[in-house]
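Given below, in the form of structure tokens, are the structures.
Each of the two complexes below includes subunit A, the first together with subunit B, the second together with subunit C.
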Partner chain A sequence: MRRSPPQKLTDYLPIAFPAAMLGLFFVVPFAIMVAVSVFKRVPGGFYEPAFTLANYARFLSPFFGEVLVFSLFLAAFVSAICLLIGVPFTYLLTRLRRGNQVVWLIALLGVLSLSEVIIGFSWSTLLSRTAGLSNLFVWLGLMDRPQSWTPSFGAVLTGLVYQAFPYTVLVLYPAFSRLDPSLMEAARTLGSSPIRAFLNVVLPAMRTTLLATSIIVFIFALGAYLLPQILGRPQHWTLSVLVTDQAIYQSNMPFAAAMAVFLVMASLALVGLSVAISGRKGAGQ
Partner chain B sequence: MSGLQLVDIHKRFGSVAAVDNISLSVDEGTFVCLLGPSGCGKTTLLRMIAGLEDPTSGNILLQGRRLNDTPAHLRNLGMVFQSLALFPHLSVGENIAYPLRIRGKSKAACGERVRELLDMVQLPGVADRTITQLSGGQRQRIAIARALAVSPQLFLLDEPLSALDAKLREAMQVELRQLQQRLGITTIVVTHDQREAMTMSDQIVVMSNGKVEQMGAPIEAYRRPATPFVADFLGQANLIKVAAGEGGARFSGGTIPGLDVAGGEGALVSIRPEDIAVLPSETGPVKASVVFVREMGAIVEIYLDAGGERIVAHAAPKTHGDFKVGSTVSLSMPAEACVVFDGAGA
Partner chain C sequence: MTDKTNLTVSRRAFLGATALGATTLAMPNVLRAQERSIKVGVYGGYFKDSFDQHIFPEFTNATGISVDSIAEPTGEAWLVQLQQAARAGQAPADLSMMSQVAMLKGQSTDLWAPLDLSKVADADKMLPQFINEYPDGRVAGVGAVAWYITLVSNTDTYPEAPESWGFMWDPANEDKLGLLALVSNSFLLEVTAKTFFGGTDILDTDEGILQVMDKLAELKPNVRLWYRDEAQFEQALKSGEIPMGQYYHDVTGLAAADGFPVRSTFPKEGGILDSGCWALSRASDKGDEAHEFINFMSQPSMQALMSRKVGTAPTLKRDTLDLTDAEFASVSSDIDPVLPRYDLYTTKSDWLNQKWTELIVG
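Here is the complex of A and B:
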């Protein structure tokens, strides 16, 4: 359906309220944060207005560089695993009867109701040596003796995937349930085995949704600050952990703000890049 | 060996029998329509032939070879879906070339074949367009071209023309029939549109409630329906309850002279509206009053009440001025135009 673009000023009226809300609660705080990031810290106090790039200069060090690279890598890894499990899962889910679909979706929504702290400590217990899953494996005869799997990179990854998975499915679900089932059937009658048809018809047809989902999960994982602390060692801490550390424990608001601004810019750049790449690929086809 | 044979096919979904013991054979190179109201099992039958559903029991044979255990992608058939199912992420040419690429054909061979197929469906030069740039009728042709790309043994179409407007649909019916005759390909079309079935096919299979009601040449089924359902579903029919009477078959509006009803009570007679002549005289074996007159241009439909029995008759436009609503007329219902179903309830 095509509509004519707004002509008069009053045509814009319906978006005035959401625009005001967005401005008041998102743009203004972000602007304050940008401002604070160039302020000067007062030792023992808070901060005072100034214009200094010292806060930004501080993380041009190898240490912060490494943390940034690790944060991006972790987020990309989480997003890849979520899609790898989530896409086949959601596809099969939409092929179930309606009643069964609802049961699965409610179970997934249940995960969303858990707080990050509970998820973190639950996994920390599940992966521990004293009370964890490895005891179950020993009992089953799969392992010789119980082992501790936390803190480790694997534990951080598990916790983040667990937390991000419901979001992945909920974003993929509407698109997959709208997908015309005869696309897959047409591919089969034209000579594709079911798996091949899934790979060369369903996935490409869902390209935009897959990209959107991976971006959402990527940004979600980039903002994680609690799970890396509970389930990881200091080398598994993300930039978000350092932001929290600076803002709350070191009372260094300007430096925390500078890191936060940098994190936003870095993730925006990556999102822009992936949209540009997929856009060009889409146009070429 | 004949083209396609279905032997004692059953298909149950839970406790519902979607297809109930159907056997039929389709000769090579013929055009067959599976015709019936929605929910009669015609699409399920087509999907079983395509391999998208497994029959609960029974055999599907193609040129004498059992097809049941061959998965859909190895059956070498072309199918056009009701939604057309063109791949949105591929261009027109890539859509048509899809079955060729799957079979490992080179890019050059694909390009050559795509040009050939586009010429065949009379849409040359659209290979580089996207699907969304095409009109409904054009998409229809692309779906047909894609289904025929590998020269399949069997061409299946599920309500292929239902999304098109009336005029385009008529044109596509003729075109599809001509294409089928040129290629000589065994074709099975599912439709609920009896006009479509009549104009396109060599054979029609009329289905209802998972069973075959009648199969045969369309005009044969129209003139000699095997069941009241077929009479009613193919075109218009007057189904009249009659009983044996003196000099013919008696019903509430009068007597059809010379019609022999063996079954006695409860027999049903079917007569087409075009076989009934409406006469202005008030005396005759069947009297009726005019209830409603509907002018259709080429013909006039006259709705009549014959002693409580509702009857529809067709007349030529120039004569209808004689029939005012409420006037009494007499009907001529020739016995040779009637089909008798004895004892069968409609």
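Here is the complex of A and C:
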């Protein structure tokens, strides 16, 4: 089917409603946030309208720089792991019989119904010394004595990957299930091993989907503020945790808003960069 | 791990209560027309449960005013919610129990409606430090309860009770402590100053504060958890996962009474004495009910009941109460307490917060 581009004003009508919603619930709040970020903080109190860059100036320090870099690194790491597990998983999932696929998908959707609080506390129990998985390993004779694996970087990573994994699969799933099986068959006929065919044929064909998935998971992980608190040490706190601190505990909305704006800018820049790079690569397509 | 339900809404925990606050904001007050009622915010968890069970029913029986209790999170998180709601003319709770730092911060935006002490019959029996006043003398809050933050430990891991806050610095306790994550609710600067620098006077100057922070930095290898959410620590303390730290004397006592292997110790430098005031949001239209409530809760008999049932220390003068020495000792201590330097948290709030975050994160 070929769609013609909109010609008249009325052709835009179908998207008017979503556009209005996006404006109302995304653009307006974001604009308010940007506005608040230049407001003046009243110490010990709240804030008053003004134009000051002091909140941004406070952010520009090595300390917050390090936290920002760590947050971006953590989100990228989570994104990479999710893809590393999610791509083979989804590929194999789409090869299953329909009934089995449904069971797997429902299980994954089940994870989405868990709140971040539940996930955080469950993992902190699972990784604890007193009641955690290491007790099972001791029982199996794999370890000498139970160990505590939380709070740690690994625990934060585990929690975030666990939370983001269902999104990864759900974004990848439609593309993989539409993938023409004859691509793989052709590669096999031409003498490729299954793994080689997967790497050389399936993955390149999926490039756009993979990029989109990694961006979604990246942004998702960047916004995490609860899991790093529950499963991490202070050095594993992300910028989102510090934003929460300022907004909820210090009632410093202007500074919290300034940090949030920085976070949005940094992630938009990275997303733009990755889209640009992949666009250039895909130009010959 | 049977206490899962307690986890999400423990006292001063912000997790559950953030959602609760939002729900309350969104819900029209349907009860208003039918009967006299008042919405009262108290710290969620064991604390609120005890109030719901033992304290609020007494008030309803005596006055016919029903109490709609709201689980409030850590004082400062609740303060922000109250402030934002008040700007929109809403009061998620009419009266709230607020800690001192939050009281002072609320004062700076005139959040608290002035209270009339002539409507509180036992106001003269209250210890003067528990009447919270605006700089111009208006009354912002009336003492509800006092509480201690003490050195708590798991009795299985530490058969001997620790004697001093200084024990936390012992290298043998590596990775074993749970401490409050905020400078303004942990009061660890005051504890460190009193334990190692002979008192909190050193906190008068910025240099002094930084010196105390350096001492506090030595503690970092021993800290396993810097908690915002109390439930996080309470659970870990009970199970022995994190066997020592600072925690609330009242809740620890309740947990010990339930058979958990925990104890609360007043170190020789004293427990940290903090208190909560009843404060009325300026957006509330329940001023009359609020005064009746405060009047009722300030009676010696109610103060004694709270000490017995909730484990808090009374805000009235000792000789006006019928608590036995043993009862008084279980909620308080003769040891000179560590008194928080509330002035710091309003005058140097942002600077302190920045240095503190760099201290524990860096």
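By our rule, the second predicted complex is superposed on the first by the 282 of 285 C-alpha atoms of A that agree within 3 Å, B and C clash if a C-alpha of one lies under 4 Å from a C-alpha of the other, contacts with A are read in each partner's own complex, and residues count from 1 in each chain.
Heads up, the rule we're going with is that a residue touches a chain if its C-beta (ideal position, glycine included) is under 8 Å from a C-beta of that chain, and two chains touch if they have at least 3 such contacts.
Note that the structure is predicted; figures quoted are calculated from it, not measured.
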item: First, second, both or neither for A:67, with subunit B first and subunit C second; value: second
item: First, second, both or neither for A:229, with subunit B first and subunit C second; value: second
item: Subunit B versus subunit C as contact partner of A:125, first or second or both or neither; value: second
item: Touching partner for A:80 - first (subunit B), second (subunit C), both, neither; value: neither
item: Superposed model, subunit A: greater residue contact from subunit B or subunit C; value: C
item: Which superposed partner A:151 touches (first subunit B, second subunit C, both, neither); value: second
item: Shared subunit A surface residues [contacts with subunit B and with subunit C]; value: none
item: In the complex, subunit B residues that touch subunit A; value: 50-52, 71-75, 77-79, 81-83, 85, 87-91, 94, 98-99, 102-103, 146-147, 149-150, 156
item: Footprint of subunit A on subunit C - complex, ascending; value: 1, 4, 7-8, 14-16, 18, 74, 76-77, 79-80, 83, 104-105, 108-109, 181-182, 184, 224-226, 228-229, 232, 235-236, 239-241, 346-347, 349-350, 353-354, 357-358, 360-362
item: Footprint of subunit B on subunit A - complex, ascending; value: 180, 182-183, 185-194, 196-197, 201, 204-205, 207, 285
item: In the complex with subunit C, residue positions of subunit A that touch it; value: 41-46, 58, 63, 67, 117, 121, 124-125, 128-131, 148, 151, 226, 229-230, 233-235, 237, 242, 245, 247-252
